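Structures incoming, each one as structure tokens.
Next come two complexes built around chain A: one with chain B, the other with chain C.
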Partner chain A sequence: MNSPKSRTKLAAIALLAITGGWAATSLLSTTQMTAFAASEKTGPEVTSFFLENGLQVVVIPDRRAPVVTHMIWYRAGSADEPPGKSGIAHYLEHLMFKGTKTTKNGEFSSRVAAIGGQENAFTSTDYTGYFQRVTPEALEDMMTLEADRMENLVLTNEIIIPERDVVQEERNARTESNPGSLLREAMAAALYQNHPYGIPIIGWQHEVNALDKDDAIAFYDKFYTPNNAIVVVAGDVDVETVRRLSKKTYGVVKRRAEPGTRKRPTEPPPRAARRIDMADARVRTPSFQRLYLVPSYNSDQDGEAEALEILGELLGGGSTSRLYKSLVIEQKLATSAGSWYQGGSLDDTQFGFYGSPRGDVTLAALEEATEKEIAKLLKDGVTEAEVKRTQSRLIKQSTFSQDSQSSLARIYGGSLMLGLTIEDIESWPDRIRAVTVESVNKAAKTYLQKKRSVTGFLTPETHTHGKEG
Partner chain B sequence: MNSPKSRTKLAAIALLAITGGWAATSLLSTTQMTAFAASEKTGPEVTSFFLENGLQVVVIPDRRAPVVTHMIWYRAGSADEPPGKSGIAHYLEHLMFKGTKTTKNGEFSSRVAAIGGQENAFTSTDYTGYFQRVTPEALEDMMTLEADRMENLVLTNEIIIPERDVVQEERNARTESNPGSLLREAMAAALYQNHPYGIPIIGWQHEVNALDKDDAIAFYDKFYTPNNAIVVVAGDVDVETVRRLSKKTYGVVKRRAEPGTRKRPTEPPPRAARRIDMADARVRTPSFQRLYLVPSYNSDQDGEAEALEILGELLGGGSTSRLYKSLVIEQKLATSAGSWYQGGSLDDTQFGFYGSPRGDVTLAALEEATEKEIAKLLKDGVTEAEVKRTQSRLIKQSTFSQDSQSSLARIYGGSLMLGLTIEDIESWPDRIRAVTVESVNKAAKTYLQKKRSVTGFLTPETHTHGKEG
Partner chain C sequence: MSIFSMRLTPTVVLAAGVWLISASVSTVFAVDIKSVTSERGIKALLVEDYTVPLVAISYSFKGGSAQDRAGKEGTAQLLTNTLDEGAGPIDSQTFQVRLQDNGMSYSFNAGYDSFSGGIKTLKSETADAFELLRLMLNEPRFDVEPVDRMKASRLNRLKGQETNPRSIAGKAFRESVFAGHPYSRPGEGTLQTMADIGPADLEDFRKRVFARDNLVVGVVGAISAEETRAMLDQVFGELPEKASLTPVPEVEPKVGEVNHIEFATPQTNIRIALPGIKREDPDFFAGYLANYVLGGGSFSSRLYSEVREKRGLAYGVYSYLGTYDHAGIVGSGSATRADRSQQTVDVMLAEFERMAKEGPTAEELEKAKKYIKGSYAIANLDTSGKIASVLVAIQNLGLGVDYIDKRADYIEAVTLEDAKRVSAKLFGGKPTVITVGRKVK
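Coming up: the complex of A and B.
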């Protein structure tokens, strides 16, 4: 499956490829949700077409093994939820496995398992996706099942109430029992003053508790319609077969709604830096985080996203980055330190810094050292050599994705969900190569302003005077 | 108008009476928006009835002078706006003066002025109100005009676009040019992680810029319906006259919509304290603010609001309060220091602390001293004598409102808008008298937890290393 020959043919480039494994169902955190890719001119011959009902179908041939990856993506994420109904996108994702007019609760998954397939589903701020990996003969069955649950979902309170407990358990395991997650949730809520990205994908616990069948059906009826979805088929299959099968299965699904343009409340200009100190007895290692509000690949102008991509990597990507060399190796203040740019979202997104202090070093000292690196960067700028090295590293890193058919499918589907085109995906290496020293310096000066930021300190609980302090 | 005789008959008690004057149109900030009152058993004979279309009418006789105050209140404030349309409630308030099917742009105001009347309008997070003060003979005309614009508003782009500039100028004057307002806006956005109280009443500038006729009409059609409004008539008029006139005027307005229960997204449990440092060259006096998320008179349980009312006054209301005595008089750290409780809102609200340092005292030192007072309170509690003095002071303070007919009308209208009943208003002094040392201590321990708070520092701009710092 990974022969050198097919590798060169499949020089698709994945940026920020999804690193999390495929859990039973997964919830994509902000840093995981990006799927952005570009293929060299020698990359896969990607084909895209539309059915009459508005469904887009993308075909990515990959003949390395007799396997196909079938994904359906809906333009419906947590940022599309109605106010007060946080978590409904993710809850509905769970409920999509609960049976239709012709299939029973759990039948979808048991049929995939019966043929030795793998499956998964995931919800992000901007989309919800469903995935199966099967042999080519099973593709038609998968399409039939997905097309069926796009319009024939049947929900009863008997099914829906216990599943809400499952979702709450998921929240307990991922968030409530994890101080780091609670801090990230609070930081996102502080970073976004108006935009729904400030609301957690899994939902606020008290709102999830109140979600009911009507909420799920309303969200389903509004967004689960062929003209709001993209099917991606990657693997050992030809375009004509996919066209014929998708017409036969998805083609008969009626256009049920017109979700229209995706327009969320946008952020006001940030006025002042915000800080959050979270103390929790469960914390073993103190840590420092900072988020800045920055444009995404979709919301930026004039290549700002590509410049921020270089900046995040140059400043804090791995052990050759400025922050790691300065804070961890030279000053020995930190056991980890870095920065990242999360460009894959529809609307304005996050540029982050993080670090854990070494020994008795305080978080304040670590923050100060990080700020000094930022100040130095803003004053002196980056060098031509640094930019060149980073461009080359990013483009090389992205070749990792070519090994995985599902990553490839995910990169195309995810990028299209975020308002990008197939051309955008394919021209990404060229655009990364075109980033200049000036554009990196300009992006840094424009966006790494403290008033655009939220700083978080996570510490073990301390007991001072009373409850206050 | 203020004879001792009528005073004793009108022993209405206003708590947190509106202190701002009546500007041409006013926007009520959080601390100004409260209207809560109680009348002693000797107070005015307040009558309330409903018309068939659902409009509630409240009559407050006040025969001290030949004047009537006529107000209409709509259950529609900034917290009822659709996402992304911040400022539409206030913008519509402006547009309500722009003419109807039978009146011209500005005619409403010119007719009030022609008869020597006064008028005003105001928008808060929870309601929008319109007000005229005229002679009793003009009451029918006022009712006719208000009833007309409840259903016959006519908007054209010719009128609506220039008025949007007026609203923006209002925002410039009140917020953009005032660092203190910008900090309060940022603090509210950080305090409320999910509830729309985090969005400014006047709206985010970029969203106000995009509001159009369709937005205004949609908001008007949804909320400006008789079953969503309360008319308050205070003054030299009898109940039967008001009943007859309101049937004749408001009674013919059709029930145009069913706004239903007022249910906004609620807050998740606060997890960690937040901080905002705002530096601005226009700041002359540094200042410290802290907000805690607490229940309102409407959202509380078991008299918590009354206990918080006592707490706010006892800790920081005026020059005999704990904070003033300690920080200003004894320690000489501050030129001002205090605390307040803003109980008049539909949903969870704010308990605030503030202070300005004296001379070279830092904001951090002032904050620390304030925290020490809070810690002392949490550790040792309040005394019986303090609670008794505060109860007496609050009840006495509230008698100020009896001198003003418009305050009285406002107290009743505002309280009813916030989900309270006339009985709630009238029993307020009894409930304040019933507050115990234990209930104050419990409220302090429950709500003055730092994780429930946002702290703001406002300082003159300082130039450190680069833009960062």
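Coming up: the complex of A and C.
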């Protein structure tokens, strides 16, 4: 039971933790992924090559323990779903464990378990990934199994209908049981007026209910092809072994489709500030959130993402940040307050603020105090000293990712999925170091405009109290 | 199989005391563990490794939330938030700036039986990192402003837990299973007890629990034995020689209760409990293997197959051996729609019964052994922080420095007869079943 505060401090690291097993609510902020990229001086020697079928393979040696992390990433996320089929990317992720022409339902997992391996899978707005952590001698088996299910998936109604119930229970556990999640879902839907990032990854319940085998196969046939995937192998391996094994296994998979360029519906210029007020009988402590539409590491111009990274940290990342000092310590208006930048997405993304009022303070008062901090920032800008401290801290922290082959595999895979290059990842500390006071101020002025934002209030639904608790 | 999405709620945390470092190690992996003793007699286990310029330290003091004084429940957990809020001559904000500028990551953790912590620091920053850790453990200030601020945050969270089905189920679970014992008390405190805790209570806890005779330390990374000895004396050398702990009695879990708590939520939380087995029990590995077959193996257990795969009743279903210093339990749980909750409970209990009657098959036991042996290095020895935690666990449980090498033999030694006998003992009995959700009409 980590304390809430130390959890916040370690959040960036926790975000990278690979959490296998059923209970794992994996958190991933690709911002932090990039933020924790290996530092340039002592980082790993990363190699990348392509097979003839278009599959990219990335190798990250870490010979300290006889363990390898094998991941495959597909450029297929919830934002790539056809209209009306929300949740299909994630549902397919579940169905990928259900067997192929030559393996039975569940055989993949039992073969991983039989050698003490760990495995799991994840879906985001921009990609779907699968991974196993095994001893090096099992790598070829893992590659064989993964290559097999890239082209030979077999689905029957008998298998996939109970799994749809499983997905509904997953949605119940993650979203329906949690008013905070419901608020975030509603806010994202309001922030994105045209782009599919407004649709939840797990899907809208009524649409998930209607998904069937044909939907899953259509999505599979469109996106699960070697030329749309990246394999990352990190750990106790050498490049030549990976090259030989990947040719032998993945190399025999034919190109199954040409997914083409990733072009989603785009956002119009935001003109109206939006508000979401959500009341729920289960809420005991009100909370405030605000999201701004901002560029991502992939969609930005001239280092805006790095400037926003510094801004998010300086303004609201932890207990020495401006927001925490002002709202929590000095004015005693809040029990928590902060800001964050979620830079790791293909298209325009979110810069967020949050806070929980202390005692009888109202959400309106908390919002006003947050706005004052934003106004002060826009008027006076940030200082050289603040920027320097933040740079130094982010760069120091990035070294920690080298201690975990899983983190490294995730950083590289996730970043490459978003259109970044290995050079982008490796030069991240330099680009953070190059951020200036002017670039931070400019990013703040350009993007922290209220018309670009959605404000969310989550409050108790007082009038139904006493009925069902 | 999970979704990564930005800023979801924090990770599910199982009940405190659960056997988290499920010690098991493959024989193929040789970790070179040195035993180090400082001038002042502080012992640590050390794994030197210079591949990455980092140092990770884990430590643990016996005596956790079970040492909270009556009426002051939540003290140990509040301590985890306040040790870093100013120490020695340095006030809270200045101290926070020092910690952040240093770049170290650190955490404190209070379970029922121990207060533990860890740091990870860049090699180049160790001097300052060790000094900051020394200050936090030896000279925390507990100034009123930060203590009140941390209390306000905790009170906020406690209020939120009143309507969190998982928290409601967890509270009912421990109050039923451990009725009358310190393990039944809320480690996180209550709105009342948290409000009553002051700086003097934090200092009182620290003085009773932070000592040298109940301390174990694990060190991993770019640090020599010599440097480790100096660090041990610097950070821990000034602590009192002896802790002053209130003895915690042994407790036999109380089971057989069926309790439904009405709560308007889309998903009914199910918790099941039976008496378990303690870590030092000679049958521990037999029980551990049997539990793996029942519900410990994530995607391949009987519960997973029957509840999730065949029937689509739930996203998650599990069982575990909860090993506390003074109790052992078998716990199990799931969550499903209200109208399928009884069916889910029935399916789960049927699997308990089948396991009690028949135990695992020879094939299941073999698979379990392979997994439990093979998974150890993969799960626990791939980062320096995790290895440091293993070094602490080995000492806490008195397993011996050669445990990592011997563990596979312990697992291999379990016979099918052992597994069946222990299954009958562990999974028989009439369990406690707690459900939190809507009543089915």
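Annotations for the structure displayed:
We take it that the second predicted complex is superposed on the first by the 424 of 469 C-alpha atoms of A that agree within 3 Å, B and C clash if a C-alpha of one lies under 4 Å from a C-alpha of the other, contacts with A are read in each partner's own complex, and residues count from 1 in each chain.
Just so we're on the same page, a residue touches a chain if its C-beta (ideal position, glycine included) is under 8 Å from a C-beta of that chain, and two chains touch if they have at least 3 such contacts.
Keep in mind that this is a model prediction, so the values were computed, not measured.
In the superposition on chain A, A:358 makes contact with chain C only, while chain B stays out of contact range. The partner that reaches more residues of chain A, of the two candidates chain B and chain C, is C. Within the superposed three-chain model, A:325 lies in touch with chain C and out of touch with chain B [touch as defined at top]. Of the two partner chains placed around the shared chain by superposition, neither chain B nor chain C is touched by A:260. By the touch criterion defined above, A:174 lies against chain C but remains apart from chain B after alignment on the C-alpha atoms of chain A. When both complexes are overlaid on chain A, the residue A:393 reaches chain C alone and has no touch with chain B.
By the touch criterion stated above, A:199 is placed in contact with chain B alone, chain C being left untouched. When the two complexes are superposed on chain A, the residues of chain A that touch both chain B and chain C are 468-469. Note for the complex: chain A touches chain C at residues 1-7, 9-10, 13-14, 17, 19-30, 42, 62-67, 90, 93-94, 97, 105-106, 109-110, 113-125, 133-135, 161-167, 169-170, 172-174, 176-178, 180-181, 184, 200-202, 235, 281-285, 318-320, 325, 328-329, 332, 335-336, 340, 342, 350, 352, 356, 358-359, 389, 392-393, 396-397, 399-400, 402-406, 468-469. Listed in rising order, the residues of chain C touching chain A in the complex are 1-14, 16, 26, 28-29, 49, 51-54, 56, 77, 80-81, 84, 93, 96-97, 100-101, 103, 105-111, 120, 122, 125, 145, 149-150, 152-157, 159-160, 162-165, 187-188, 262-267, 297-300, 304-305, 308-318, 335-337, 367, 370-379, 381-385.
If you check the complex, the residues on chain B that touch chain A are 83-84, 86, 182-183, 185-186, 189-190, 193-194, 196, 198-199, 204-207, 263-266, 268-269, 271-279, 371-372, 374-375, 378-379, 445, 448-450, 465-469.
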